Every structure is written in C-alpha cells, then in structure tokens.
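Below you will find the structure I want to go over with you.
As written, the chain order gives the labels A, B, C, D, E and F, with residue 1 at the start of each chain.
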Amino acid sequence: MSAVKKIFVVEQLRRVQMSDLLARGTRLDGRGLSDFRELTITTNVIEKAEGSCRVKLGNTELIAGVKVNLGTPFPDTPDKGLLVVSAEVLPLASPYAEPGPPDENTIELARVADRGIRESGMIDVSKLVLVEGKHVYAVFVDVSILNVDGNLFDATSYAVVSSLMTAKIPKYVLDDKGQPSKTDEMVSLPIQTIPVSVTQARIGDHLIVDPTSEEEALMESRITLVSDDKGNLCAGQKGMPGSLTTDQVLQAASTAKLKGEEIRSIIKKAVYNG
Amino acid sequence: MSAVKKIFVVEQLRRVQMSDLLARGTRLDGRGLSDFRELTITTNVIEKAEGSCRVKLGNTELIAGVKVNLGTPFPDTPDKGLLVVSAEVLPLASPYAEPGPPDENTIELARVADRGIRESGMIDVSKLVLVEGKHVYAVFVDVSILNVDGNLFDATSYAVVSSLMTAKIPKYVLDDKGQPSKTDEMVSLPIQTIPVSVTQARIGDHLIVDPTSEEEALMESRITLVSDDKGNLCAGQKGMPGSLTTDQVLQAASTAKLKGEEIRSIIKKAVYNG
Amino acid sequence: MSAVKKIFVVEQLRRVQMSDLLARGTRLDGRGLSDFRELTITTNVIEKAEGSCRVKLGNTELIAGVKVNLGTPFPDTPDKGLLVVSAEVLPLASPYAEPGPPDENTIELARVADRGIRESGMIDVSKLVLVEGKHVYAVFVDVSILNVDGNLFDATSYAVVSSLMTAKIPKYVLDDKGQPSKTDEMVSLPIQTIPVSVTQARIGDHLIVDPTSEEEALMESRITLVSDDKGNLCAGQKGMPGSLTTDQVLQAASTAKLKGEEIRSIIKKAVYNG
Amino acid sequence: MGKQGGDSSSLINEQGIRADGRRIDELRPIKIEVGILKNADGSAFIQFGKNKIMAAVYGPKEVHPKHSALPDRSVLRCRYHMSPFSTEERKNPAPSRREIEISKVTREALEPSLMLEDYPRTAIDVFVEVLQSDGGSRCAGISAASVALADAGINMRDLVSACAAGKVAGQVVLDVDDTEDKEGQADLPIAIMSTSNQVTLLQLDGQLNEEEFNKALSWALSGCKKVYELQREALIGRYFGKNEKVLEVEQ
Amino acid sequence: MGKQGGDSSSLINEQGIRADGRRIDELRPIKIEVGILKNADGSAFIQFGKNKIMAAVYGPKEVHPKHSALPDRSVLRCRYHMSPFSTEERKNPAPSRREIEISKVTREALEPSLMLEDYPRTAIDVFVEVLQSDGGSRCAGISAASVALADAGINMRDLVSACAAGKVAGQVVLDVDDTEDKEGQADLPIAIMSTSNQVTLLQLDGQLNEEEFNKALSWALSGCKKVYELQREALIGRYFGKNEKVLEVEQ
Amino acid sequence: MGKQGGDSSSLINEQGIRADGRRIDELRPIKIEVGILKNADGSAFIQFGKNKIMAAVYGPKEVHPKHSALPDRSVLRCRYHMSPFSTEERKNPAPSRREIEISKVTREALEPSLMLEDYPRTAIDVFVEVLQSDGGSRCAGISAASVALADAGINMRDLVSACAAGKVAGQVVLDVDDTEDKEGQADLPIAIMSTSNQVTLLQLDGQLNEEEFNKALSWALSGCKKVYELQREALIGRYFGKNEKVLEVEQ
C-alpha cells in the first residue's frame, strides 16, 4: 500500500471516528457540539502598549497590543479616526507557520477581525477626530499569535476587542496655533458595543463551535458570525472549500447570537475585574 | 530522436515554410509583408475612466483607461504636468503570462509606449500646470492586455493614444486661497499630434509589419518606430537577440512613416466618429 | 572516496598547513600575523559626488561616494543631521555575489561601518542642522564593492571615512522666508575624529589582522574593533559561528588600538596629500 | 469604514424605488458572454450593472513547482484583480489585501462545484479581472468564473451563481450597488450551487437583526437563481445557439 | 544616533544609585519560564527588567529547499523579531535592518554551543519574539533561546548566557536598560559559554577607553554567570521540580 | 520628460563648437582598460567622457535553477546598474524600470555577437556598473561589456561597439553628452558589429525627420567604428603589449 493511500486510510478512519462521536453529541476532547474550550483573558500584559491582553482559548494562545498615535484621516472620511487591525501567526506558533509577509490565511484572519470591530461600530471613530480632515487618532491593534490550536478567528477577535476595551490613550488638546498637544490625562476609547465572534465548523452534517486544530483538519467548511450587544449580526465569513445548506447558515446565526452572549460576559468580567 | 531534437526539426520546418511564403511576398494568414491585420478601436468602454478604449488588432485585444488627478510636479520640471503610462499583460491573456509585478518584457512595452507619447509631444504637458511647482494634473494611462496574439507594442501604443484622445477631464480653477478646486466643466487634454507606432519583425532577410505570435516565435529581431503627424520619427526601439542591417533600418523607417499615416487615419476615424 | 569526503580532506590539509605557518608567525602570503596588506586610497575619483575615493586593500577593491542633500530630521532627533551608510557587494566582485537586495552579510557590513562613524562622533551631526526639526543636511555614503578578497569590514570603513573626509558640500543659507537656499560656497563636513576599524580573524589559537578570502574560509571567528584618535574603542562586532576567549578579546582590543594608529596615518596622508 | 455613518434616507423613495430606478427586490441589468477570449481554455464576460468583468480559465495544466501538485486531485488557483482604471480613484496595480481576501473566497466559492478529483497532479487557474467595478464585483466575478470553467470543459456538479442582498435606508434590498454599498447599512454577498441549494460563499458587512438576516439570505438566494438562469442561457447560446449571444435579464 | 549627545548626569545619583534604584553592578530582576508553548519542540519565556521575550525551537527537522541542507551537520536558523506593540512607537512588522543583524549575531552566539554535527541534513529553527523591549533585548533573547534549545533536547556543550555592561554618566555599569542605552555613553553586550569562558557574542556601541573596556568586559562576564545560574535553575525546575517554576534573581 | 522644451541655443556656438569644446562630429575622450578585476573571468573599465563604467563577465558557468538552462546553448544574462553616487541626485540602489530596460537591450545588443551554442547548458553573466554617468552610459557600457566578454575568452563573431548620435540646437551631432541629452532634441544610440555592419542596438528618443535620421544613423555608425578601434587596441595592449595599457582616442 502506497504512502499516499495509507494517509488516506488513516484520515478516513479519523473521519469515521469523529463522525461517530458527533452523532452521539460529543467530541474528541469530551466537549458538546456547542461548547467552547476554556477562555482566559489576562489584561494589561504589555505595559508599554496603550492596551493589551493575552488570550488563551484552549491551547490557542495570543497577545494583542494597542498603540495609538496621531495621524491624517483618509481623504474620503475626514471626520473619522483611523483603526487598523493586523495579525501575525508567529513562526513560534506552529510547525507550519513561516516567517515572512502575511499569507492569504493571515490576511483573511485580520480582515475578518477588523470587519467585526468596524461594522459593529464598537469604536465611535467620529470621536477620534481632533481637527477634521487634518488630525485624528490612529489606533493600531496588532495581534501576535504564539500557539496555534484551532479557532484563530475567534481568539483573535476576542484579543482585539479586549485590548481595545482596556486601552487608555493620552488625551490631546489643541494649542493656540491649532496644533494637537499631548496632555497627561489618559482616557478610554469611545466604546459603543462589544462585538463577539463565534466560529463554527461543519464536519459532515454537524456544526461545532470553537474547533481545535485537529477538528479543523477534518472540517469541510467554516462560518464565522459576529454579533453585537443587541443581538444584531454585524460581520460574517464563510471559509474553506466546502459548502453549507441554508438551514445550516440559519442554525449558525442563531448559535452565534446565543454563544456570543456567553462569551461577552466572560470578556466583560476579564476586562472590568481583570 | 530526442524530444529536444524533434522540436528543432518542427521549428526548422516552420522556418522553411515561412521563408518560402515570405519569398513569394505573402504570409501564413495571407497578408502581404506590409499589411496590418484588422484594427478595431472602440472608445469610451469604461465609463468610470476619464478616457478609455478597447483595441483589437487581429486577435490581440486590450483595454486602456485614463485616470486624471492632481499631483505635485517633479522638482526638476516644476512647469510640467505628469504623464505615466503602465501596462499589464493580464494572466488571462496567454498561457505564458504570470500574475505578479511586471517583467522586463512588460516594462519595455510600457516604456516604449510612453516614449512615443512623450517624445512626440502628443500632450502639451506645460498646459497641465495649475500652480507651477505645486499643483499639476497627473495623467495615468493604464493598459490591461486581455489576449496576446503578437505585436503588443503597436496595439498598446494605439490604445494609449486613442484613450488620451477621447479623455475628458474635470477642469480645476484656483480658489481665493490659491487652492485648486474642481469644476463641473470637462475639457479635453491638450493634444498636439498623433504619434503612431509601427513595429516590424525581421525573419531571414524579410521585414514584415504587425507580426502575429506565430511570426514572433520565428523572428530574429524586431524594430519599433513611432512617427508623428509631420512624418518625423520620434521614438524607436530595436528588440530581440538578433540584428538588422543598416539598409533594413532605413527601410523600416520609411515603412513606419508610410504605414503610420494609414493607421493615423483609422485612429482619427475611431475617436472622432466613434 | 565521495566528493564530500574529498573536500573535507582538502580543507583539513589546508587547515593543517595554515596552522603550521601561523605557529611559525607567518601566513600564506608571507605577512606576519599583525601585518596589513598594502592599503591604497585614491581620493576624488567620482567628480559628480561630493566626496569619493577608491580603496584597494590587497586585492579587495571598492569605491565610496558621498552625496549630500537637504532632508527632514527624525522626530526624536530634531537637532541632528542625517547620516546614512550603505554598501553593496556588486555582482562584479565575486563569483558568489548575487544581484538583489542586500543579504544579512551586507546589512551587517554596512551597519558595522555606520556604527564606527556614528559612535566615534566622527561627524558632528549637530552642525548639520539648518532649521531645527525642519531642515538638515542628509549625508549619504554609498560603497560599491568591486572585488572581494577578504576583510570587507575594514576596507569598507576606510572608504567611508576617507570619502567623508574629502567631501565638499554646498553651503546653504536661509533666505528671508526661512527657506534654505544653496550658495556657491563649498565647505567640508564637521570632522571631529578619524575612527579606524581593525578586524582580526581567529584561526585555531591565533589572531591575525586583515584576513584574505582564503584565510576567511578557514577562520572560526572574527572580531572588528574601531578606535578613535584618542585610542578609545567606539564600536565592535564579533562575527562568525565560533567563539573567542576573554584573553583573545583583550589582545584584539590592544592590537586594534596599535594598528589603528598606523592605518590612521595612511588615511590622513592619502586624504590630505592625495 | 463601517456602514453606520451614512445618511441613506435618499436611497429609497416613498414609492419604494431606489436611486437607480429599481424596486427593492430587483436585480441590475445583467449580460453574460461566453468564450470571447481566444487564448484561454474557457472565458466569460459579465456586465452586472456597471460592473464589467472578464473571467478566464487555463487548465487543467502542469503544476510548477512540481511539489505543489496533489496526487489525488487538481489544485484550483484563483486571482481576483482590479484594473487600475476600474475604480473612481486609480487603483494601484499591486494586489491589495482586499483583492487577496476576495481571491481566496472566490476560490472557496467555486471549489465545491468542481470535480477536481478528475484531474490529479494538475492545476486549474481562474483569473477574474474587474475592468469596471460597481459594487457586487466579487459576486459578478464568481458567476462569470463559473461560466468560464464550464466553457473550459472542467467537470462540475453545478454552476455557482452569486448575488448579494443588503440593507439600505432601513430596508432589506436585493443586489446592492456601489452607492448603496457605501451609504447603506449592510451587504450580504452569497454564492450557491442552485440545484442543491448549497451555500459556497457568504460574507456579511454591516448590521442585520435575525429577521433581516433571514430575509436578506432568502432574497440573495432568489437573486442567485436568476443569475443561474442567465448563466445557463449564455452557455446554451454559446454551444447550441448563435455564438456570443447576449442575454438580458427580464423580470 | 551616537551616544555622545545625551545629558546623562541624572542617571546615577551621588550615592551611586541608578534611576531605577539599582546599584551600578546590579542586574534587573529576571524570571525564566521553560516549556510554555505547546506546539514548539522547546520554548522559554524570559522577563529581564521590562523585556518580555518568548523563544521557541523547532527541529531538528527536514530542510526545504533540500539543496540548502548540509551533509555533515544541521543548519541553524534564527529569527529575532519585535512585535509591533513591543516598543514606544509602533514598530512596523516587516523585519528591519537592525532585526536582520541581531538575528545573525544571535545565531552566531548560539552556534558554538550546539553539537550540530549530531543532526546531519536537518535544520534547527530558533525564533525569538520580543513582546516588550527595554534595552538589552538581544541578550535576553539569546539567553532565552539557549534555554529553549535545551528544552528541545538539542545536544549542547553548554548553555549560552548573555548580559551587557556599559558606561553611563561616566561610570561603568552592569546591565544597561532602555533609558541608559539611549542617554548613556556605551553599551557592550556579551554572550558566553560559562563553563569554558568562551565569548560567543560581543558588540560595542559607544566609547570606552582601554581600562573601561576591560572593566566593562569583566562585569558583563559576571552578569552572564548570574544569568547562567537562573537558566540552570529554570531547567532543573522544569525537569526535576514543579512545572513552570518561576525563579527570581537574588542578590 | 520629452526633449521639446529645452532652450538649446547655447549648446553649439556660431563656429559649430559645442559647450564642451567638441566639433559636432567629434567623440568625447575615451579610455579602455582590460582585465582589471581579479575575481571576474573577464573585465573592462571604460571612461567615455565623464562616464566611468566597469564591466565584468562570469562564465560560462552552471545555471541555477537547473531548469532554466538550455540544451543547445548558453543563457546570456545582463545587469546594467548605476551606483548610488553615479548621478547628480543620489540614485536609489534598487533597480529602476529604466535600468531593467537597459539591461534587456544591452543583452540583446551583445547576444548576436556571441557563439552561445558553443556552451550548452551554461550561463554567462555580464555585469555593467555605472560608477559615474554622463549621457551615453548604455553605449559605453555595451562597448565595455563586449571587451570584457573577449577578455573572458567567450567565443564571438565580432566585438560590439556602441555610440550615439543625436540632434542638438537643430543640428545632427555625434556622441550626445548629459547636458545635450537633457536639452537637445533627439538621441539615437546604436550598437553594431563593425565587420559585418549589423545593427544590434537601436533606440530613439526625440524627433528626427527622415533626412536627419539617415544622417544621425550614419554618424553613429562611424562613431561605433572609432570605438571599435579603441576596443581592439585595448585588447591587443592587454594580450600582446604592456598590461593595462591606456588608450586615448586621437581625432
């Protein structure tokens, strides 16, 4: 039997095992289909950043940091501050991660995290303006992924959200020449809502939340949906070269709302009591 | 017989066939040595661009678009507007085209097209200045090549020239602070002449105009010469790792002038009646 | 015997030969352990540059040129001019040099040369300021390496130092609007000291100065130390995947000071009498 | 920037008619042409409102470098790219992060429809070039690419048809155009395989409550099915009718 | 910029106490944790003053491309990288020339300690990620990387331990922090293999006369030996004591 | 920028003498040195007016990657590059589009002269480095490169010799320098194989009527032949005369 055939057989066996488990409502690590792994958020781990946190979601581990400086707004949105979300899967994080510019997976990851923040209106960017068209706050959130064990989409989103919630930025005032000048006062960012990302993987006919790397290796498709405080969906992304039925999409939407509330209270607790 | 040898033999046979045809004054597709393929120019195909056209030269097909905005002049030419010509052989266009930054062939292509426009003085760049040294019009002509069947040099040049001729750009005036402000009035670019590129391929002792891909595969050298309304030569480029006799150069120059007039009237008709 | 084994054996034999020579206090080309090869510095070889020289150190050969223009200082050093040192090992210089962006070796080379200039305070960058925070002189020193035969670190440093010493830059004055305007007067750069780099290679237990390419192929570690006019050490860099004892480090420091004076007088002679 | 800021009151009038004259459940005019590029193994041109998009397929073909080939199926590769003149402001020709993301979701939208296992150790390249963009270019590009794949004769389970729904001026609408995308509240692009109702692309930008989400999803699905009819007709026209037949949506 | 300009008079007071309360021959507080990343073959986290640095090792492993493998030993590769949030001003994530140089000297500082000849035709990757930087990050990174290499079970002659000395306000001091680095007169980072006293890293930025150089070198060596003790204790704690034991320097 | 704008009236005086003292049909002073780089297989240094250009050849040599080798001949590769200090304003060392184009036409100018079929499955690298540029650097570089190829012992049919003619202040002139190139009306760089009169490089920037074109072409050809004599003498000097003989054009 060729090596390639052998790998197929092994993968096939795992698929069958996984399928049997899912049919009985459980998973390799004993979780139910809609159970998240333990989520730990530790805030203010990087003192030099304006906001920061370390997120552990099972064995997936990452650090987010917020840096704020002054910038020039985009010409087509002179009345809005800047918000830039980036992520890097560090080569420390996995035997498959390579150093270098972000690949399409990492670009998608950062753009989906960004979409959740932006479309939920989490930050009132109109309040990040000092002089319209000229001087605005530029908020950079960077995520360094330290260990990969599945569900980077949600872990990244939680890290971005939590670090923004903890951030204290220097208040600027305008001097008599209309130039911004930094004061010693530190203020929070204008937070309007707490968007929560919930990612589900389809394996066979089952949708499971918060997949591990092992589960991701067997998933056919993935759907990430972000909901806000009021239960509105505000961002979404289907991924992977498989499909979903419309019923699965609707089921995913309702799970996203439900689990979103659960996670939101964990985030709030970590940030406000952390 | 090895595969490499076989290819040599086939190529050799084609070379002989081509040579026989050329000696009788004709070509694989029945054209005479100095006949162009059918040239079709359709203008204003991209409504969002300030000027545009689609050029078909036989099966070679491409689209050019003109975008105009305000820019800062180069320090050494404060009294001149900006004109930038770029081209991309899209990966749609040929099995040999690769996505990515332009290779040396595409850079040469865009630079030779640019040279014809610039050196002919087609656009009076001194009229593209709003405030000397500070505010000038920046005219970008981009060419997307959709299908490659030989003679990209001429097709690209015709597309650039025709799209510039059709362009209508917003007129700017200076407000009371000396800042440029856009008006609703649309004006044409300051066209001074219509440069026409004529490319000839040498196969054996013969010069043929407007080579197809098939002919280009057999050509030893290539010469592109651009002439203006008055019959001046204003740009030239020999290409390919073969040579030309001085007689062939002089013959190419006189053909370029002659065929240039023919093509110029096709361009004029397409643009002014199109 | 396999090809790889053969190479090992040859290298081993050379190592033994080298080791025998060094134990007797001499080298393949007859030099003593602390002898430099002949150093020739020819100044003002590039008339278009503000300063330039050609350095030959044995068969290692390179050209440095200084270009000066006006720039904006870094925000955190508004009271200092700009000084940028770059180097390129041209593909002409060696069968192993590749065209393209600088690799880690070339980056290290330029950074170590830069460090010697900067940390010695050779140029009083506070005198390169026209308007604090706004207009400063920007001094670029570029080194083109033409032939590689070992000890690029020292040769590069001498070329940078000598070209800076010969440079004559246009004096700028402020016009009545506070804008810098160029005058015809040419002035020297504000030179404060002449830093001299001395690089030593460890082969076995021996330290040798100014290694050739052949010696570098056998060296286990390398140490570059730069000293100024007063005999202070002002920059250093250990390189290569081998180590040094602390005694070797101290010996290297004292040799660097000693040989530094010797080289400094060669540089002075070349620049002031050149 | 998010979709919260825009004053979208003028986008739908009191009669429920949108700025460009459409009803809220009406698609923009669509034309599909098949097989118009000579060199490509398959090609299609789509006009979708003001979107003008060319799609071409090369393959199945040899893979370079060889080690990126798969032993049991073909590797699908997609590039979504915008010509510099396709947008209001000239677009830099280097691929943006947005284009890289759309290239990825385009590939993942098309892949479920293809029988890649029929072409082991090969690659299939899909190139989508946006010549003029007008909101919804990713959907139009996917629909054109699927037709181009059929034109190239790649074995497929079904065509992939794409369409967006969204929310504008507080109402769910079908097929969001450029202005509505910028000033509206939400955009939900969807792609499906029509005969099996499988969703192969789904993205969401902007806020929808659960009821709006359900409605937008169902409208987008019906939009996809109209696109499917036009894709089918274009292919039939190409292979059984007169060449380069141009079809216009009738509603 | 050079180190000549700074007014460093306030960096050491009349009692010989530095701005952060240390004596001139005192190290900043140091903690080392071993084996904390799940996927890496070896890992270590170091806090060195305010430096927070993660090091991970993958390997020995297959080399790609194959022709870059060596027949007689493993290829050691290192990346020193700073997270964008690790510095006062946000750092661009693309590798700077400084990071490329430090990656190189880090590799050359570690290589003499490793028995690479035990792993022919393989590669060993060392990744050093600076999460927060505070002066001396290259030394802290090398020390952490050496522990991570031990945690990965790579055969080694000795640990590599790194520490800087320097000159601040006219005096030789041990372990220069960020402020002292910027406003001081010299920085001399050193790495050694403690048991054999072999120097594997040496850099010098700034001016030292011969006497100061000798003193700074000897202080840096003694700093390295303190770091070595902490590295050893962290590894013993990991393998023989309770997991993730946190050790603090006692002086 | 185009050549139409310049006020070129001062470039040639009433006696037909140019700004630098030359007649309109006179070359700038030229020196060629052969074989001056130690590592290269062949090399030449040319001074052509103020142009100072080094050319080096490595090869025939193995090709990497192997699949880019050709079974029936050598692959010729050329790089034309300007040192940052070679121009009035410092030149960014990254290759510009201009340098990429000149690299290509340089290769195509040299290739017809070489018997590449004598070296199958190999590569020949030609590197042209402009140390100081002064108008006409591409011609001077091609002439130097051809000498370096001869010095490297590459089999050739003939030397390639290059020279430009142009139009300045309304008159055809030989060998356009930097100022004349910027303020003149046309530049026509040409390369030929002298013995067979084959044109291997031709470019044209700027306007010439048919008569002027013919005249400029014929002047450029005669310039090439003078360059050819100097190339030949330099090679003879190198191989049969005293080493590093420096030859100056006599007119």
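Odds and ends about this structure:
The rule we apply is simple: contacts are C-beta pairs under 8 Å (C-beta built on N, C-alpha and C of every residue); 3 or more make two chains touch, one makes a residue touch a chain.
Just so it is clear, the structure is predicted and the values come from calculations on it, not from any experiment.
Note on connectivity: the fewest steps through touching chains from subunit E to subunit F is 2.
The minimum number of touch steps separating subunit B from subunit D is 1. Each chain gets a centre from the mean of its Cα atoms; the one farthest from the centre of subunit F is A. The chain pair with the larger count of C-beta pairs in contact, out of C-F and C-E, is C-E.
Remark: subunit D and subunit E have CA centroids separated by 52 Å (rounded to whole angstrom). Once the centre of each chain is set as its mean CA position, subunit A and subunit C turn out to be 48 Å apart. Subunit C and subunit D have Cα centroids separated by 58 Å.
Judged by the touch criterion defined above, the protein chains form a single closed ring in which each chain touches exactly two others.
Taking subunit C first and subunit E second, the full cyclic order of the chains is C, E, A, D, B, F.
Interface residues of subunit F, counted against subunit B in their complex, comprise 1-5, 71-72, 76, 97-98, 100-101, 103-105, 107-108, 111-112, 188, 193, 197-210, 213-214, 217-218, 221.
Residues of subunit A touching subunit D in their complex: 4, 8, 74, 77, 80, 104-105, 107-108, 110-111, 115, 118-121, 125-126, 223, 225, 228, 230-246, 248-250, 253-254, 257.
Residue ranges of subunit C in contact with subunit F, taken from their complex: 45-49, 52, 59, 61, 63-67, 69, 86, 88, 90-95, 99, 101, 140, 142, 144, 146-149. Residue ranges of subunit F in contact with subunit C, taken from their complex: 37-40, 43, 50, 52, 54-56, 58, 61, 79, 81, 83-90, 93-94, 125, 127, 129, 131-133.
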